[in-house]
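Each of the next two complexes has subunit A plus one more chain, namely subunit B in the first and subunit C in the second.
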Partner chain A sequence: MTAYPVKAEGVLGSDHRMGDETFIASLVACVAVGLFLIASVFVPNFFQPLTMLNLVTNNWAVISLGVGVTFLLVSGNFDLSVGGVVALSGVLAVWFAQSADGNNALSTGLGFPYWLAIVCALGGALAVGALNALFVVRFSVPSIIVTLGTMMLARGIAQVITQGSQRNTNLPPEFGILGNLTMFGTSVRLPVVLMVVLLLVAIFIEKKTVFGRLTYWIGANPVTARLSGIDRAKHLTYLYLLSAGIAGAVGILLASEFRSGYSNRGTLMEFDALVTALLGGVAIAGGFGSVIGMFFGALILAVVTTAATGMILSPDWQFILKAVAVFLAIVTQTWALARRNR
Partner chain B sequence: MTGEQPSPILSVEGLTKDYPGVRAVDDVSFAVERCTVHCLVGENGAGKSTLVKMLTGALQPTSGTMRVDGSAYQPTNPHQAREGGIATLFQELHVVDQLSVHENLTLGMERARFGFLVESDLDRRVVETLAMIEPSIDPSARVSSLSVAQKQIVEIARSASSGASIIIMDEPTAALSEREVERLFGVIRRLRDSDVTVIYISHKLDEIFELGDAVTVLRDGKHIATKPLPEVAGRSELIEMMIGRSVFQDYVPRATVGDEAVLSATGLNNHLLKDVSFHINRGEIVGFYGLVGAGKTEIARALFGADQCSGEIRFKGRKIGGSPKQAIASGIALVPEERRTQGLFTTLTIRENISVMNLRRLSDAGIFRSADERSAAVDYVRKLSIATDSIEKHTEKLSGGNQQKVVFAKCLFADADLLLLDEPTRGVDVGAKTEIYEIIRNLANKGTSVAVFSSELEEVLGICDRIFLLFSGALEAEIANGPDVDMAHILNVVTGGGGSVAP
Partner chain C sequence: MSHTPAYAQSRPAGGPVARFLRSYYIYLVLVAVVVVLSAANLDRFDLFERGNFLNQNNIINILRISAPLLTLVGAFTLLMVSGYIDLSVGSAASLSAVVYALFAIHGLPFPVAFALTLVVGAGLGAINGILVVRLGITPVIATLITLSLYKGIALLLVEDGVSAIKSGGGLSMPDWFNSYGRIGVMLGLPAAFWVAVGVTLVLVVAQNRTLLGKYAAATGGNPTAARLSGINTGRIVFLLYVIVGMTAALAGIARSSFMSLGDPLSGDGMELSAILAVLIGGTAFAGGEGRVLRSFIGALIIMALTVGMLILVPAYFQTLLIGLALLAAAASNHLISRKEVVS
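Moving on, here comes the complex of A and B:
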């Protein structure tokens, strides 16, 4: 591994203008902060440290899912299955951990030790990811169709296991620990800390590693990528496994938090994750976007919905507000990018 | 024909088309007689397609006039050309696979009453036309069940029944088998007998002698001759008119060509290639020359592992051909035919484009060394004098020549021992062309082997040491480049005249 000889770069290398991704991420961050300030003016008691913290902590699940979805979008592919996987892995974790001697079907599980139940539930999530990869990569089915199918498949399996109801009895006492463990003597729980770690690792992978760069190349032009020696099949397989793995972990943590397996958990989360990524400036056609942008996109969505419920509007208005935010944000980004690159 | 001189169906007077920096068609005048098959020949870049685009209204001439049937004809779009009586059969077919033959024939001309389709005489007319030119096609058959040749005939029937008096056919036999070609010729002759004039463009000279009544030769945008075919003394006269004496040569024999084969291919076969075998030596520049569809790109892609084919490819003694990834790892790089869709990441910067083929040189344990990537990009921008003010410029904003240099930089950065260049100077301006040839020579002088796949004879004669001539998927001949290379022989082989010069 010989280092490339570093030479004087002169004027060619001295472009200190920020890249388009940084530009958009900064723009999204400014919008998020701006919206927060506007909300603070109108909503009483909004401008408080606790509110800011809650904006992040209440959305740890969607932000975590957004990481996997963002990587896939950048590579030019959708993952709509994450919400279904959240439900499936949670239900599987509960079912595997329930003791085998319950007095009815819904309170009888497989009686695995808790650690094994988690590993197997994660395995179930990864199996969905592998199925996505198989169809997208080997059979070249458009990813939006494949993951729409696995979205329903995963939730369907969860529904069969819970018989359309919940499983929440006969669980070992340690089942509720992971999702409710508070950290560092504050009210911040373990899942939020894991989300922060995930974000940091994802940003590092995206900016500093070959893996991150391969994702952009494949998304920018899959044909050129192949003719440049990139193994698209392998890379997309990793990305689908990564996304399903994250969704599986989210599902297990949510099941632990509520001490139950519920087949409707995570409903619409796949769309929230997608909207979050798009709000954050990720291009739906691939090849462009960043995890930091997605994070601020999630904050925009959180500010809008939280502020709404604190204002005169009833929570019924949250979908309409989300819609307005999405349209405005995406029109602004397109306009700003076109202006900048004129 | 009556005894008196019939007026020509189409006449062109002083037609000229300028592009920035180039005169694609230069003061061309000729006439096409009524009810003939009039052939149009010339090398690539001779101006044939520009001329056709002006006739069909896709381009407007800079100056000059066209007359159809004696009256002025100035189409500004293909629709007006149709109304003026000129229809075109393009290489890509415009038929709708899901509909029946009959529905295709009447597409866009349906009669409706209260929103419901009604029968009209039009229906009868198109069916009659089809039955006249090719009775074997069932009007109720679904178009998707037809062969390429039959689809072409459906399209011809549509043009004929819409009242076109002139049908232009651009390389209609490129995708047809020999028997289908015969059938198409039958259709064309029947059209001629039923008062339709055909303007026929082809590179295959045998077809022209078999089918044509008259021929117009273009060269470098200029009109060279229009003659009745019986007055043309064989292939050699036609070829001489096509190349003239204007092909200049700046090939200088190189001393550094090794005699050790670095790549050998044996018996390559696929849907197009027919038993292709050759070898390439160290430090050698070999050319693969042939017309469009002769199999150049197929050979390049097979060597690179981008398409599968049977046969054996050995590079430096090892079997290859599995995947582009494997080819790059063993030291082969490809500059693909279409730079924007296959060679570049147009939405990314120059820096992000140059690094992609050699990640090992820029990373430790999967972590990118950005500083090295920047230095490498700056280095190659300088080496190839890519005109840009920054390596952070998006490649979509560069000119064609500079884009192509970025693709070259990408491949050079891969440290390849064999470079495959598919149409390396297509759409590149003259200045950048010369620079690219210089880059190729320098590489070869340092021991890199280069294979140039080109449909420009001038390019192949200018830089290659050895030239393989291709015709419809077969390697027909191999010649050594030099001052007394026989141009007529080359053109004869690549237009289907076989390994030896036909009379």
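Moving on, here comes the complex of A and C:
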């Protein structure tokens, strides 16, 4: 029996060795820093504090969405509906807040007070999350199909409310505050601060709470999780509500920032959130990954796309760059883990 | 036939009426859709200036527009039956459309351009196959990667400042370019539609009468058992990805010819329509069962509905309706397959 604890120590990564997740997260962080240094050599004016700050602040929306998507991926499920929910909640917030006496259909809303409009818009986002949970948990439909459907449903409702265009008139003056409020006398805006808070809370939940650890368990081995008496249905429902709630908040903040509800806002954001999670080492099969890794994955994506823009590549390159980046990330991470645990 | 897997021999349970409904519901849905759309008196809206939904010209028009999707769904069904998925078909179709238009505009004759584009499509499918089978990347992620990759290449192949490959700048599209997708050759329907029918017939035979169909069902039904029975599941899946790539290329050619353009965005969303058609056709998510012909009918239903809805409601309802249809198809698919498991 002596061999067993030694092996377990190696696999589970106790005191002597960092865990696989920390290892991958550090790897991703090193790649992000390395890519930044390489980009600094090739792209003029890249190596500046402002650039570093912008890499984070310009991507607050995708990073925030990435938190919910990461938790779901760790539990073994996709959420492709977040981009649609961003559009839906933004449009709903605008529609609810617009005063009821507009000149035409697109400038006439329901005239709710602003706080009530936000609450109702969040409610709409959570309803999409509940729908995801219903189909995935109760009907056992694969999450990729369900969330593709709800993505189109959410964006579709947004398009119907805005008649395929946008609503940006007849809004109360306080509507633009939330998304544009700068904090601590710097140029950092409220959404960025909220993103940082969200990241810290998410890391705490992931590492230190029973809820977080159960998420890994469900993803790693759904059968043993069920046999151990874990209520998978309830857990996944919470995760889908969490993801939709974050997406709803992002949508409301974006609507506030631009003072408009635009039905095509957040297009491809579900894709970017998935890409950042994959770049950050979250395993698609579930049970493996970390929020901090996702954060550095987002930085990798930001460095790559910013550098490409800086080198005046055509914007069409972004699709190829994302594809190559995800491919390399998956291959190297699989290789690194296999080599480490050999 | 002694090695036919047990699930392949099982018959859906229930009374004769239930069994009939489960086998033929898809045709009833198609008839219902056509009847409703005809009764909705579409000629009021005068979209095609051709009168009623069941008007000959309207039917020909719908079938012409449907050719790309009809070509694609058969192979897509076989891939889903084997338990895999290809999300890159839309991008592969776009890329093929652009490549085909480039070949044509640079003076290659029709058969050469057609054959070369098919080879490109097979190559795109092979890349998917390598990512999934050789490198072991989850199908959804592997084909999301190539979705992005193929779309990026298609966009790059079209010069900055123009939206698609078309006549202009000293080059012009040859005269034959849009005859494949538009000019009627039999019963007023163009070659693209008959190619779709031909591909579907070949795949129906392949599914029912050849080892490919049997092995695909075995791979999807129980991959481990299939491997242990000596089926080279990797090769089957690879082959299916190549076939899907080729039908995506055919779809791209049909779309490109119909529009007389090589549009790098023309295939966007085609993967959703294909999934929707396959789901409506009753193919199981988890693999193991599904019929090529039912997906073909499913694709006809979708196209009839799409064209009908475009006339009945404003265009901005489109996304919502597709989303609702996808969720409804997923839910009903679940209910149908659950009944069979329970009984």
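Here, the second predicted complex is superposed on the first by the 326 of 342 C-alpha atoms of A that agree within 3 Å, B and C clash if a C-alpha of one lies under 4 Å from a C-alpha of the other, contacts with A are read in each partner's own complex, and residues count from 1 in each chain.
By definition in this document, a residue touches a chain if its C-beta (ideal position, glycine included) is under 8 Å from a C-beta of that chain, and two chains touch if they have at least 3 such contacts.
None of the values given here were measured: they were computed from a predicted structure.
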| field | Touched partner set for A:Leu274, first subunit B, second subunit C, both or neither | value | second
| said: Looking at A:Gly229, would you say it contacts subunit B, subunit C, both, or neither? Reply first, second, both or neither. | reply: first
| said: Which partner chains sit in contact with A:Leu53 here, subunit B, subunit C, both or neither? Use first/second/both/neither. | reply: neither
| request: Based on the superposed arrangement, let me know which partner A:Cys120 touches: subunit B (first), subunit C (second), both, or neither? | output: neither
| message | Let me test your reading of the model: by the given contact rule, A:Leu181 touches which partner, first (subunit B), second (subunit C), both or neither? | response | neither
| Does subunit B (first) or subunit C (second) touch A:Leu110, or do both, or does neither? | neither
| query | Does subunit B (first) or subunit C (second) touch A:Val193, or do both, or does neither? | reply | neither
| Now for A:Val160: first (subunit B), second (subunit C), both, or neither, which partner does it touch? | second
| message | Just checking: does A:Ile145 make contact with subunit B only, subunit C only, both, or neither of them? Give me first, second, both or neither. | response | second
| query | Which subunit A residues lie in the overlap of the subunit B contact set and the subunit C contact set? | reply | none
| Which residues, counting only subunit C, touch subunit A once they are in their complex? | 85, 131, 135-138, 140-141, 144-149, 151-153, 155-156, 160, 272, 275, 279, 285, 314-324, 326-327, 330-331, 333-334
| In the complex with subunit A, residue positions of subunit B that touch it | 304, 306, 323-325, 327-329, 334, 336, 341-349, 352, 356-357, 359-364, 366-379, 381-382, 388-392, 394, 410, 414
| field | Partner subunit C, residues of subunit A touching it in the complex | value | 78, 131, 135, 139-142, 144-146, 148-157, 159-160, 162-164, 263, 271, 274, 278, 284-285, 314, 316-324, 326-327, 330-331, 334
| field | subunit B partner contacts - residues on subunit A that touch it in the complex | value | 1-7, 9-15, 17, 19, 208-213, 216-217, 220-221, 223-231, 287-288, 341
